[in-house]
């Protein structure tokens, strides 16, 4: 009975792929492919030029190699940079026109695209391979002046906003993968919250990589204008494939005076099989700019998937009194590798940041927390608190903590604490004495260990994340 | 610089009649150094302290040749009078005097030959530089079960007219089973703008105890680098204490390999910095077998434009179950231009371990100052009292009473 | 119900229990008393399935070989240990823990699991009976509980899980007089239903509220004397040195 259950759970729940005819750009990375993408999206000239500038820069940039997880060389000429379901060549006007197969896919993923399922009040934008397929709840949002659409649509309908903010947090020249994204990004979400508006519902994007040999390069841009608030959720899945797939997204957040952005991610890309074959390379650049005074950006992430995860959602605290937060749970099992953490750059006065990171490694996996806290001479009366805890399960895995701490301001405080340990035998015995099997006991204790972070997630996500935490560790106990 | 290096190296080889093996050893190290040069910020280890730049800014062009045949005057060097001790005096990298007058002669061997088994591992370019240019180095062996009656003080000094010079010294120590050594390094600089490069190797056999206290208190304009390479067998203990204060720049690097069960390493340090001084402590504690322990505590008090860096790493191999590793750094920034950087790092491959680190930095607690002032102290007194209290618990970690008192006096810390 | 034959236990080559024998029948209450370090907690740990002991001998629970069962399987079969030092599990809500535990046991027995509402009703009821402050059930398991609260929490868990054999390892230590009575009430309520108890204690006072059928004296890893409730009184007067 128990074995059967574990078997069921162990299999990657989202590992199906959908048979949909795809319309792809020719393989390879060159100016023509970039022009092709830009053309098919009917982009204005400035954006094409912007992409080409990124491509020029890319030619001289090297792939970074300082991060701990190493990966085999990626042949960038052997990837498709644009893939869209064929039925999208003329984008459907409404959900009814969507390919039923696509709807079915999203249903399998548990993402409510059609009307009946929208009851739970989350507005969803779904990105399938490279294009955004549907955005729900549009009318409700429009009434309040909120713009929530695919970035391609925003380029058409709100070019002034896109032009003003795109690339202002992650510059074109930032680093290899970010620049690659700027050159070839295909779609993603765009959010604009007008001054003083509190977004009445969670906004959510689901990403899914379906086609094989396809890189996914989505770009998300969120702007919270003065005094506004938005909570944004992002979920990711991908089918099981033997080969590795690349996901290099860029996410830019901008919070103006008194605005707040809460960004939550549950990342469950296909991690590869037990022997480390296949899986997603998740090389993502996420950065938020607290541009205005009293602004706040809060990142919450639950990273359980991907063969290699490599991301550092960061906050640039430019506005006085601004606040940056980073809550993270990262779990690696089998042969997964993760190098993740955050950067808190304090520039403004009275800026505060908080980092809570919980890392769990099992099997043959390797996990690194890498973080930077930098308080500049001008950031008077600022402070940071960091707590990094790691749990190890077994002695074939590794857990590493690499914080960089720079305090250049005598009126500012930085406090950093980190621990590494294993689940105590006593706690396990206690739970087992109360009837839980070892897997359940570990799931329970690990969820307890992660609680501070799970609490940050919106309800629907929290429940899903809690289950994920348990599932991700199946098979890792004695 | 390359020109100068080559000329100086040639000159050095000519001066001495090295055996073929010695010559080969020096040449290999020299080539390695030529290849890599002085470390710069591109190297992870030197991210916070770019030595190449620091030498350029504070010294300019360096020369590397030292005439080891010349007798240096040592009677001018001010010795520690509060404490009876054995001594070694090093001037411009040359060992001028070795004096174990308080000890049983047959319990200590001093080998001045270049030893056969030259260390093979390639540690870093500064060790290469040291091996290439240091004089014949000596090896001190403390025999089984022998505890030195008095501490050994090594005085590091420079000649008055030495300038823009790189000096290198190396001493190897072997503590046989159950032996015990208290070693104090004291820096007495008579000159300015030199780069002192010091390299110690320690082999700690079973149950031996090493206590090394490094005291850099006298104000000077030299740039210094010191590397302790400690290999520890079962039940051995190493205690390192660093008082980092007087030099323009000082980087102390400690590498401890805990390769015998129940061995333990303690690294404690104080940065007491003023002006534009820039100091660093970098530790690598490698837990390689079961049941080993390490403890590190570093505190900083930073005035004016000073900068302190603490990079402490705890490594635990997959065999090293039951490791106990702890590390803490606290810094008080007293001026708006001072800076504290830390990289407390954990790299852990075993699950049954207890490892943690903490780091905090910030200003002096105004509430405490206020409290003390409300009890009648003036600001200066209150500040002094709080700083003393802040530093006292590191000093209390010193296990040798005599030396603890000496350091308390040096820092003006009273209980 | 429980039959212990020639049980010997060692930890790190140190012998703790030697040729230990004990039989408990349904509905019986046995008390074990013994000096500090005599092996009482070791016995309860071994019965509950804690790892790390070298054991020989035989323990049967309802004719099942106990040593072939995992810790949680023993719990499923109805063995409950109230720990001498209840563990803290940070981040885990007490209610969530209780529900998970109860449903795991129910599931293993093929009984219907309780939903959130049924569960809350049950907990409320039991908490009230045992005068356990409900607010504490919303807190992290045992984190920040006082010594006595932790012990009461163990008894609350016992009465919710309704075990056949309850082992109480010094549950009375650290309880105030009122709490002692409520704990005894909890035990007595379960006792009515033909459940058995093994009560480890240092004080005869608890045994005034829970009348044991047998009292055993454990010294140096063995039962050196057994008797009725009067033995506890005798012990209290004479001390362990002068017994026998």
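Per-chain residue numbering starts at 1, and chain names A, B and C are given in the order in which the chains are listed.
Everything that follows uses one rule, which is that contacts are C-beta pairs under 8 Å (C-beta built on N, C-alpha and C of every residue); 3 or more make two chains touch, one makes a residue touch a chain.
Owing to the predicted nature of the structure, the values given are computational and were not obtained by experimental measurement.
Considering the contact criterion stated above, no chain is in touch with chain A and with chain B alike.
By C-beta pair count, the most extensively touching chains are A-B. Compare each chain's C-alpha centroid with the centroid of every protein C-alpha atom shown, and the nearest one belongs to A. Chain A and chain B, compared by their mean Cα positions, are separated by 44 Å.
One inter-chain figure worth recording: chain A and chain C are separated by 48 Å, centre to centre, where each centre is the mean of the chain's CA atoms.
Note on chain placement: the centre of chain B and the centre of chain C lie 57 Å apart, centres being C-alpha means. For chain B, the set of residues that touch two or more other chains is empty. Listing the residues of chain A that touch chain B in their complex gives 66, 377, 383, 390, 392-422. Put simply, chain A touches chain C in their complex at residues 424-427, 429-438, 440-441, 444-445, 447-452. Those residues of chain B lying in contact with chain A across their complex are 44, 318, 321, 331, 333-363.
Residue ranges on chain C touching chain A, taken from their complex, read 48-52, 70-72, 74-76, 80-81, 83, 86-87, 89-92, 96-97, 100-102, 104-105, 108, 140-141, 157, 161.
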